[in-house]
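Two complexes are shown next, each including chain A; its partner changes from chain B in the first to chain C in the second.
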Partner chain A sequence: MADFSLFVLATAGIYTIFSLGLLVQFGIAGLPNFGNGAFMAVSGYAMAIGIVKLGLPMIIAAPLAMVAAVLFGLLLAIPTIRLRSDYLAIATVAAGEIVRYLALNLEGLTGGAAGTVNLLGPGQAADYNFEWLRLQNWMQDGISHLFHVRAKPDLAFCCIIWPVALILLAIVDAMVRSPWGRVLRAIREDQEAATALGKDVFRCKLQAFSLGAALAGLAGLFLAWQVSTFTPDDFKPTITFYAFVIVILGGKTNVWAVPIGSLLFTIIFSGTRFLGFWPLSLFSSGDKAFLRLILVGLALVVLVIFRPQGIFGNPREDAVET
Partner chain B sequence: MPLKPSDAILSAKGVSKRFKGLRALNDVSLEVQRSSITALIGPNGAGKTTLFNILSGFIRPDHGSVTFEGLSLDRLPPHRRARIGLVRTFQIPRVFGRLTVLENMLLADPNQPGERFFGCFYLRGAMRRREREERDEAMELLSLLNIDRLANDYAGTLSGGQRKLVELGRVLMIRPTMIMLDEPMAGVNPALGLRLLERVEYLRRERGLTFLFVEHDMEVVMRVSDRVVVLDEGTLIADGSARAIRTNERVIDAYLGRSKNSAAVVRR
Partner chain C sequence: MNQLLQLVFNGLVTGAILAIAAAGASLVWGVLRIGNFAHGDYMALGAFVAWALNGMLGLDLVTAAVAGIVVTALFAVIVDRLALRPMRSRGLTSVFIVTVGISFVIRNTLFIGFGSGARTFSIDQSMVYLVGPLRVAPGQAITVVVTAVAIFALGWLLAYTNIGRSMRAVAENSDLAAVTGVDTDRLASVTWLISGALAGLAGVCLGLVQGTFDANMGAYVLFLLFTAVVLGGIGSAYGALCGGLVLGLVMEVSTWHGFAGGLEPRYKLVLAFGVLIALLLVRPQGIFGKARLL
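Up next is the complex of A and B:
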């Protein structure tokens, strides 16, 4: 149980950083990015390739991977971000899938469907994670010594990701509340009116998009570190939908609702193992995997009907007609 | 009052625009004198809003050019036009619904360092100072427009007339040199409308602002404007003092139809 809680906490940390990026893009700036998973993929793969194929140290490969995610974001955003939001949504879904299919098919570069373990080709297991595990073990030993407990790897992971996540939450919160965030919210409401007031809508949207891409990129790194090997299918569009669920669950504009939404989501989503009671005991474990998706969907439907502003949203703000 | 013809703040030359065969504007040229109040009138569909959109840069003309303060605007995107002091409002007021009225006002600040990417960290002091100053300015404007008590309400909860006022206050926050108002009086109650007009005249007199406005209420047009420009079916058919326009047969024909009754309305 304790192990499981730590796993949930660690995963929620990844989702927090990931969804925080979406909150900036979608909740604040009104840019529905349905290809956010692709940014995780770009950065995860960039780091893995950098370490395995180019022999870069992690400390260099990781920031470069985030830069790659931002560059990919700009590549996607510059031609598409002027589109109306519904078209932007379609363009980003497509971009996300293109990245995944590229990763599946460019076997020489990415290891293909077998995942990063195949980065060096068949017969030679590739590992990008040794430096991370060294860091995580060091953390684990430190905690064990300090508190005289036997710390688990997941605890060490949490002790790294959550301080990072909290710092990022504080940074993004300050930005969202600043005049910069005010311009983004204005653009979300009416971009022509914002233009008429002298705001460079295109540039501001690019900034919001890039910030979201960088955060998704960082989340992609943590995902890669958590699992030690990953495949293109770890970045299916559903992962972006989960982030949407989290952002809507918490209340689209509330930064501090993101970690709570992430925790709730991860608990519901990973908690199917506790659904062993009747009548759920009638389902096989494979069916339960689908059941959790239904549960998440149901929770979202109930929420949207009874509390459309999200758990921590501002009902006053939501009542506004625009 | 006599105005030197050389002192045009804005001039448009030979502006034409077609929308899929529909001729919205046909070779329109006009000059707006500095510190004047110019009315742009014409029947519905005459091309007034199209002209506004071209002057403010929201749509590109097929032909023709626009200069403002001697500077060609032809390659200047709309947000840059606002930055150099040429601002506009919309016919149907466009407020930011999920921003408060005060936020709507503060947003218009053309010089807030905190709007830069990460500016709230590396320009923190300047950002706060500027925000304080602008808050005072905004509150002063809001009380002048008689909506200061709504400062902390979401703009989306305001009535149509109140939204017009927020829009006017907002463009004033940009400290423009020329304001284009698209039907500023529509939907505003008469008493408030009067205050609005007084404010426009005051801003022209005291700060030398230039106004170009679209308005259907002839009484208002005759009362405040130095000059009236008349558009009909995309063509500029008259340009002169309010007095001259009032008796211009072509305007009466085009603008109000040929009926003698409507002509009487104009002459009244």
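Up next is the complex of A and C:
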């Protein structure tokens, strides 16, 4: 049970950072990015390729990977961000699928369907994670020493990701409350009015989109570090909709509800995997994977119809109406 | 040359399936302002209902297909009543999110109900008709005939019946249509009935042409449908029919070795998504649509 809680906490940290990016794009700026998972993929792959193929140290490869995610975001956003929201949603989800199909098919670059293990070709077991594990072990030993307990790797992971997540939450919260954040809300509510007041709508949207891309990129790095090897199928469009559930659950502009939403989501989502009481005991472990996705789907439908402002949200500001 | 002819034929078969599915999606989009992310899963539902009767219970394919179409059509109406009608006054994005949720529920329920293995209809997959230089599989032959009938029936319905005229009127200007006395609730149900029936038919045909299929079949073609919809101009059923045929042709013919060796088949989808994004940028109103600000 303790192992399970730590795993949930670690995963919720990743979802927190990922969903925070979506909150800025979708909740604050009104940009429905249905392809956010692709930004995780871009940065995860960029880091893995940088470390394994180019021999870069992690401390350089990781920031470069986030830069790659932001550049990909700009590449996608500059032409598409002026589109009406439904067109933008389709364009982003199509872009996300292009990334995934390319990752599946460019075996020479990405290792193909087998994932990053095959980065150096089949049978070579490429590893991008040794430096991260060294850091995580150092953290683990530190905690064990300090508190005279035997710390688990997941605990060390949590002790790294959660401070980062909390700092990011505080920064984003301040940004959202700043004049910049108010301009974004104004754009979301009425683009023409914002333009008439002399605000550079295009630039503000681009900034919000890039910030979201950077956060998704960072979440992609933590995901890569947590799992040690990943495949293109880890970035199916479904993962973006986990973030939508989390953001809508907490109220779409509610920054501090994101970690709570992430925790709730991960407990329910992972709980169906690890817990075995009735009625979950009726399903095989394979079927539970499908059951989880049914629950995610129902959550989206029920929340958006009956409680568009989420659990904690303010109906006037946080309702998903657009 | 023969290879090119064969590719054109295959492209028309794929294109016809995309066309009828996309026409249904575009109809709903135009009449009800709903971009349906579950449309591909409606196709899968039709295919699986037909498969349950044909592959599991051994009924003949025609009965099974008709049952698949009817069930999908009714299902689409029920989903509309339960989940989409409460969303009528809400924006496009939130309706999108609801349909994404519906697609998750359908797809994974199919996985739990029917398993994740590959399914086939009980037709002779190894048989091939030789028509001139073309090699035509039985599934393709059925699809060509059935989709041609469906395309003309839909065209006739939209052009000459009252309900079809109402649909086009609402798609063009919903306020004006409501003022002139169009019963929008009834129209919504009829639109979903047609859209669901077309999706069910397209799903059965796709299952026949692919040979094997699983519950992900709809998710794989969803963005092809959207591409066809955007190609033809969102909301235009005629446009989507053309868009589907064009997209099917482009995807197949792009693999012809006459074009600088041809595109590798596995990049066909990347090509289609590239077309979609390029279209959204350059001509979001579609090839036939009137230019307007989006």
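By our rule, the second predicted complex is superposed on the first by the 301 of 322 C-alpha atoms of A that agree within 3 Å, B and C clash if a C-alpha of one lies under 4 Å from a C-alpha of the other, contacts with A are read in each partner's own complex, and residues count from 1 in each chain.
Following the convention adopted for this analysis, a residue touches a chain if its C-beta (ideal position, glycine included) is under 8 Å from a C-beta of that chain, and two chains touch if they have at least 3 such contacts.
These numbers come from a predicted model, not from an experiment.
For the composite obtained by overlaying on chain A, chain B and chain C can both be accommodated side by side without a clash.
When the two structures are aligned on the shared chain, A:Gln207 is found in touch with chain B, with no touch to chain C.
Of the two partner chains placed by superposition, only chain B is touched by A:Ser178; chain C is not.
Taking the C-alpha centre of chain A as the vertex, the lines to the centres of chain B and chain C open to an angle of 80 degrees, rounded to the nearest 10.
Contacts of A:Val304 after superposition: chain C is touched, whereas chain B is not reached.
When the two complexes are overlaid on their common chain A, residue A:Ala186 makes contact with chain B while staying clear of chain C. Contacts of A:Ala196 after superposition on the shared chain: chain B is touched, whereas chain C is not.
Set side by side, chain B and chain C differ in how many residues of chain A they touch, and the one touching more is C. By the document's definition of touching, both partners, chain B and chain C, reach A:Val320.
After overlaying the two complexes on the shared chain, residue contacts for A:His148 are found with neither chain B nor chain C. In this overlay, which is a superposition and not a single complex, chain B and chain C have their closest Cα atoms 9 Å apart. In the superposition on chain A, the residues of chain A contacting both chain B and chain C are 320-322.
Residues 32, 34, 79-80, 83-87, 89-91, 93-95, 97-98, 101-102, 105, 238, 241, 244, 248, 283, 286-287, 290-291, 293-294, 296-301, 304-305, 308, 320-322 of chain A are the ones that touch chain C when the two sit in their complex. Only residues 56, 58, 77-80, 82-83, 87-90, 94-99, 103-104, 106-110, 112, 114-121, 127, 131, 154, 156-157, 170-171, 174 of chain B touch chain A when the two sit together in their complex.
Contact residues on chain C toward chain A in their complex (touch as defined above): 35, 83, 86-87, 90-94, 96-98, 100-105, 107-109, 111-112, 116, 223, 226-227, 230, 266-267, 269-270, 273-274, 276-277, 280-281, 284, 294. Put simply, chain A touches chain B in their complex at residues 171, 174-175, 177-180, 182-183, 185-186, 188-190, 192-201, 207, 316-317, 319-322.
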